[in-house]
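For reference, chains read A, B, C and D in written order, and residue numbers begin at 1 within each chain.
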Amino acid sequence: MPGYIKDIINSLKSLAIGLEITNREFLKKPITLQYPHEALKMTPRYRGHIELYKNPETGTHSCISCGMCASVCPSNCITINSRKVPGVKGKVLSSYILNFTTCSLCGQCVENCKTGSIGFSNEYNLAGTNKDDYIFDLLKRLHPEGIPEPVVDPELLKQEEEKLAAAAQKAAEKKAAAQKAAEQASTDASGEATAEEKS
Amino acid sequence: MDTFMDHETIKNELEKLANEGLAGAGQAADAPGSGVQADESDAKSKQEGQPRQNGLIETDHAARGFHLDVRISPEQVVRAAEILDRGGFTLETITGVDWLKENQFELVYDYACTGGKLFRAAVRTRIDRDKPEIATISEVFPGANWHERETWDFFGIIFTGHPQLERFLLPDDCDFHPLRKDFQP
Amino acid sequence: MSSFAQNQLYETFELNIGPQHPATHGVLRFKVVMDGEYIVKAEPVLGYIHRMHEKMAEDRTWNKFWPNMSRLDYVSAMAYTHCYAGLVERANGIEVPERAEYIRVITVELNRIQSHLLWWGVLVMDLGGFTPILYAFDDREVILDLLESVTGSRLTYCYFRFGGVYNDIDDDFITGTRAFIKQLRERIPMYHKLVTGNAILIERLEGICPLSAEMCRKYGATGPVLRGSGVNFDVRKNEPYSAYPEFDFDIPVYHEGDSMARYMVRMDEMLQSLRIIEQALDKLPEGPVKADKVPKVLKPPAGDYYYAVEAARGTFSMRAVSDGSNTPYRIKLRSPTYSNLSLFEEATSGMLLADALAFMSSLDLVIPEMDR
Amino acid sequence: MDELIRLLSYFVGIAAFLGFNLAYLGWVERKGAGHIQRRNGPKEVGPYGLLQPLADGLKLMSKQLVVPAAADKPLFMCAPVLAMVPAVLLFVVIPFGDGLVPRQFNSGLLMMFAFASVAVLSILMAGWGSGNKYSLIAGTRAVSQNIAFEIPMLITAITIVMITGTLDLSEIVRYQDGGFWRWNIFRLDKSILMPASFLIFYICSMAETNRAPFDLGEAESELVAGYHTEYGGMGFGLFMMAEYANLVIGCSLTTILFLGGWQSPFGILPDGPHWFFLKMYFLVWCFVWMRWTFPRVTLWGLLNLSWKYLIPFSLVNLLLTALFIKVF
């Protein structure tokens, strides 16, 4: 019987303590933010989707289209297209496609970028109704007003033109020689084709 | 807890079991005399593509993550489980490995001793890929039930005597075993 | 109680709990045979969120498997990435700088506290108390903010790298963590007063589904479930890895084996984790956070490798089989809740439905981790 | 004719009172829960979210009523209406002030208990009629719970009847005039267990309304949503409204029986309906407060509470009261 009474008193006491705590919390100010009206600032290290960085010296990105980011990507969500422009060293990026729908934000592309030309954006409230909204061309995002033409180095252009001319000359000589050989042998046609292709 | 056998006894019993398998399989001629080998020879034999012989290897825990590597014959798995059960071991998991080149499945039973000093033992056995059947140890360790079901699910290894060998993680109606190396999605 | 339920004279009916049910925290399903309010047999049905991570590992390089590791247990992803880091470092013989190990321990322990806070809230919510989970989220939010400021993500971290971590921690993080340690130490007594001491909660948890140490052993249960049954086993102590041997902390063990014991183990573990973080911050060595000589293409020597860590839910271990190439030949993920749940069927036979669900909450299940 | 006008005006009054309460108790609950959990609660619809109940009501009314294929259709459709009817009817006998009662009954208390028992029938009907196992379990739970708690509730009410010597609710309130020490809760001269019996009655009315921590009939984490799992739209809305109506009735009855109804706590202050509402809404707030503080009890815990604690206590109280009345 004393145990029975003690049980009741202890239980009631524990319930009263609980009520007291919730009452204390009730009187405090809410800690939530009304999200669309106010929002927290994202930390600088927040990982959004990746973004091409603008190099302040050149006014454009410093991507050399090495394809490292695309090759380390676990979900193959990066596609790099590049072209060769006469008078510009290396390859020129023509589009940098990020398929954000499959990206897992692991950050290996950013880590493996040799030139430091990509980084994470701070964008967190992406929303859309179409899957294609999340296939970004990062180059277009960097230059929404239009992709600037790469700066042509005249010296390099001259060198390249000379080189090209030399190569063309060489090819022509080769072709001539091949033609001669073909005429002589008048059998192998495939060799000719490859020579033509090379020129 | 104190009635369990100590690790030294367990080791000896497992070694005896493994060597017995050697004799039984008629491989005694080219098997190493004592079960205790060096770790390197194991790796070497694997590199050469030769499946390891039955026997017991004490592995370097820092390099491998387990203390004991026991290779036994398929029909001995239940007895090995019984020995480890007497030693107060618990079954961590059952793993299948598909060695397509050798046309074999390897089954790795990971045991760990959770009472007292930690001791991890990997018991492995190989079965023919064309006839993937092995006895269940769910009688000894009821926890093996799910692990064996999962292994059946992924590899198609049949555990004879298993109470409920049905699809588990995969849908009931699927007809493939995805972790086989020749599986084409 | 149980004799009544097992009496075949009474009519039984089948009840499907899940895969969409408020109590199953995801897509777990129980096929339950019930006799009135009593459970005759409750069979878990898994696989509703199965993604075959083990197969995924086989067709990608070791590096490309990183994101998968944080998608197993999304509540305490850090420990799982820790296991993978440890496994591959063991296989390749990569030495990790001391500072990186300390940072790993700090983040993993913060993540563990976060996971336990979530579990605590969810447990009480399953028992019908809706307020505590929001208090827990208040504290959890601080941890998530701290981890976000370091790792850049809030849930599926991909912060560890082979041979270290992605980037160093800064002073803001250290001061923030210290402030949080102080804050949580003040909050936990409040949690105990509000919930642990509550007569209704005691009635719901005490004496519910006592698991013996022998049963835990037979089923391979680990973590707080095992420690609540009186077995002092914690990988951090018994098989020390990373920087854990350098810290002084206790493993809470309770011998009752009931839901209350599992509850108390986790509540005490939070305090122990705070101790570990505090010591790690005090002793944090200077130096690099990443090993210099980590090859870009990893080709571990052929053979088996095993690595185990103490995740928030128990022992998470991985077995990697390498054939010497740059992709894993086989990776096995041993998830703790898979084994922990396997004893559910035996343990809950003859129980009240409400008690069985309380027991399930005390197991702390995360379904994607179980289904892999 | 006068009687008819009086009745009609009361009818309109009760409808307005009921409508206001049902809408805004939901708001109070959500706002209270929000602040207990350190959130804001409804905030966007109107100032302080005050128009939220309207928006909710419109949403519920615009929803389609889906009848499950396996449901017993007549029972399924009747149950929400039947849940609402006794709740509305019971307001007829509640004296809000002196003479401020729609229909003067000399056995109002009896009617209270008679109609309160009908409510449980609607839950059982909903549970059975849904053709859903969860609902069925919830229905049976609710019945055993209601039966278990009606007994101590009745015994406690009988104690009051013995003290006051009447079943008329207005008379019971009049008996308690002259200050708070004359309220039945503090009438230690009638039985020293009177405060305990107030607690018993309050707990029982909480259990009768199926509210947390006694919400076994809709135990979310076990039975999805219990007996109203299959209801949507206004079917669900009626159950919700019935719950709040029962809440108001339970608190009103507790106020009348134990806290002196419209009587002011001090003789100097004027009596009036405001005292009734003050006391009643305080009790309602305590319901809300407790709901957001405590976890749910199990069925066994609930029945234990009733049979092991509440019933013995109320019986002892009954005997003590009889003794006190006879002796003093």
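Keep this in mind: contacts are C-beta pairs under 8 Å (C-beta built on N, C-alpha and C of every residue); 3 or more make two chains touch, one makes a residue touch a chain.
Computed from a predicted model, the values in this text were never measured in an experiment.
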Topological distance between chain B and chain D, in contact steps: 2
Higher-contact pair (C-beta pairs counted), B-C versus A-C: B-C
Chain C and chain D: spacing of chain centres that average the CA atoms, whole Å: 43
Distance from chain C to chain B - Cα centre to Cα centre, in angstrom: 26
Intercentroid distance (Cα basis), chain C paired with chain A, Å: 33
Chain C: positions in contact with at least two other chains: 131, 135, 138, 194-195, 198, 200
For chain A, residues contacting two or more additional chains: 15, 18, 21-22, 25, 31
Shared-contact residues (touching 2 or more other chains) in chain D: 36-39, 292-294
Pairs of chains in contact (touch as defined earlier), listed by label: A-C, A-D, B-C, C-D
For the chain B and chain C complex, residues of the former touching the latter: 1, 42-43, 46-47, 62-66, 69, 88-93, 95, 97-98, 108, 110, 112, 114-115, 117-118, 120, 122, 141-143, 145-146, 154, 167-171, 178-179
In the complex, chain D residues that touch chain C: 33, 36-39, 133-134, 137, 141, 212-213, 215, 219-222, 224, 292-301
For the chain D and chain A complex, residues of the former touching the latter: 32, 34-40, 43, 289-290, 292-294, 309
Residue ranges of chain C in contact with chain B within the complex: 46-47, 50, 52, 54-55, 58, 87, 90, 93, 213, 216-222, 226, 231, 233, 235, 238-239, 301-308, 315, 317, 319, 321, 324, 329-330, 332, 334, 338-339, 342-343, 346, 371-372
Residues of chain C touching chain D in the complex: 13, 15, 21-23, 37, 124-131, 134-135, 138, 194-195, 198, 200-201, 203-204, 352-355, 357
